[in-house]
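Quick notes on the structure that follows.
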């Protein structure tokens, strides 16, 4: 009996509490502060089509998690050299993609920024292996 | 003949009237959508009225509802704009206060506490107790976001049911400041990984220690077995990269940890008001 | 009789008055749709013009605006499939409709369908067809064909035609870098191909990387012999850089040529959009 009464009182108290604070709708402001999560998500390693891609995605994830994570941004490009490597292998195959990656490593010297477009937000040079450089024909404004 | 024509005309007139939607009817339609919480559709209808209302008859009546609909559909930025228009198209002080409070809410959702603070100054001195509590809640959030924790604590305490919990949470918050990113950096310069351990990130601490330590060991081994030149060419650049990277990263990790803990305390504070 | 007529006229006047204030009637919807289109609210414009075209699919400007909304909203593919329903016989649509339809085809680079459309259309005039065809050739890097097709227009007073002619000539005459030569040079000396294409800084880095690896490989072969793993690691990485540099030199030459062509294509795009 006593337990029931206490439980009832507690329940009504909690109900009262919710009622009293409903005007604040505090849940809306949960993300007002930065949550401090600096762990990036590696989408490049997802959606592997064959064993080669799985193997290289594994290498890529190992490098990203255990080596690159111990370093600040040192690559002059976006996507970075390791991301370029995995994307190149996925889009151009092992041989061409591999050669492209070796070439990219030598180009990653920051000596000729005039050759590339700049990502103004990241302040890095753009060089994406998937880019086909098609000039849009018809204006997107009229 | 005559009555027939008359009849057709009447019917056609009635028909057009039934189908047509002039400004007033669209206004009523939009309002009914709004009342039934069909906010997306209400916004579209309100936009149409704003476009066709050349003489500005309905627009002042719409601003509040369109702002409300935008707020409910997750567009606080545009909502804040219409709340302001609504603010300047009313003379009623109670409504003005209500609109200002909504605008503050928009800015807090948009992570712009400084704008919210400007709006807080815009409120009248005398308020009823419920509104006063809401204002105090907003003040507490603004102060917390701007790092003025003492004022935030006072504000939170004045509206909380359990001030002891608030106090303990703010004590917890004060402890966060003991973590210093610069100290983390210095510790990691002394020994790779130490700063990360200090910040409470064991995984990255071990990672940094193993990586830099391993490269250091490899370099020494190469210098003894082969030559100093070999060690300089093949291992030193890598060691330098992960050693400097490690202590710079320690600082970044410590900063992120502070944010993470602050976020947690902040959410525990919010739990008290839900 | 007079009275009847008067009452009819009066009623018609009333109806028109009603119609004017109806925000959802055809005329007002068109107006609102145009406002949405002009103010960049393309998704809403699509919705509005879909309704307008549903009410009246004959009105020409509305059909054009519908397709334009699709294109500007970034759904050119949807626009094309909508156009297929809207125009059962594309060969017979008006010139303005044909131009918007061509823009959709150019945006999606649907060349087969575009060529078929341009060859059968009856309301596009001769120079329109030539200009579209030339634009296609410019953007598919077929400048020789572009020169032949633009020559069909004899008139020398048109600005766009003369500008097209001059940029096609520039594209044909401008100096090209040979990808084959760049590759061959880099095969002989690592980096030389990139010096040829003008990327001499990257060339120096390539030479240092490949040279450094070769140096280490030779030293380790002398020291440890061929049965040790160390020289082979250096050899593999060095070979990777060597081959990567050959590939990179070819790519560098192609990139140079592509950038030159892309600049000209941007000019062509400006001309095209100013004219149509």
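Think of it as A, B and C in the order they're written, each chain with its own count starting at 1.
Assume a contact is a pair of C-beta atoms (placed from the backbone, for glycine too) under 8 Å apart; a residue touches a chain by one contact, two chains touch by 3 or more.
What you are looking at is a predicted structure, and each value in this text was computed from that prediction instead of being measured.
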Category of the chain touch graph - line, ring, star, complete, other: complete
Chain nearest the overall Cα centroid: A
Interchain centroid distance [CA atoms averaged], subunit B/subunit C, Å: 39
For subunit A paired with subunit B, centre-to-centre distance based on mean C-alpha positions, whole Å: 20
Whole-Å gap between the CA centroids of subunit A and subunit C: 29
Two or more partner chains touched - positions in subunit B: none
List of subunit A residues in touch with subunit B within their complex: 17-18, 20-21, 23-24, 26-38, 66-67, 69-72, 74
Subunit C residues within the subunit A interface of the complex: 71-72, 74, 103, 106-107, 109, 135, 139, 199, 201-202, 205-206, 209, 240-241, 243-245, 247-248, 251, 258, 262, 265-266, 269, 272-273
Interfacial residue positions of subunit B with respect to subunit A in the complex: 105, 108-109, 111, 113, 130, 133-134, 137, 141, 144-145, 161, 204, 207-208, 211-212, 241-242, 245-246, 248-249, 252-253, 255-263, 266-267, 270-271, 273-274
Residue ranges of subunit B in contact with subunit C within the complex: 1-2, 5-6, 9, 12-13, 16-17, 19-23, 26, 44, 47-49, 51-52, 226, 233-234
Subunit C to subunit B touching residues, read off their complex: 4, 7-8, 11, 14-15, 18-19, 21-25, 28, 32, 35, 44, 212, 216, 223
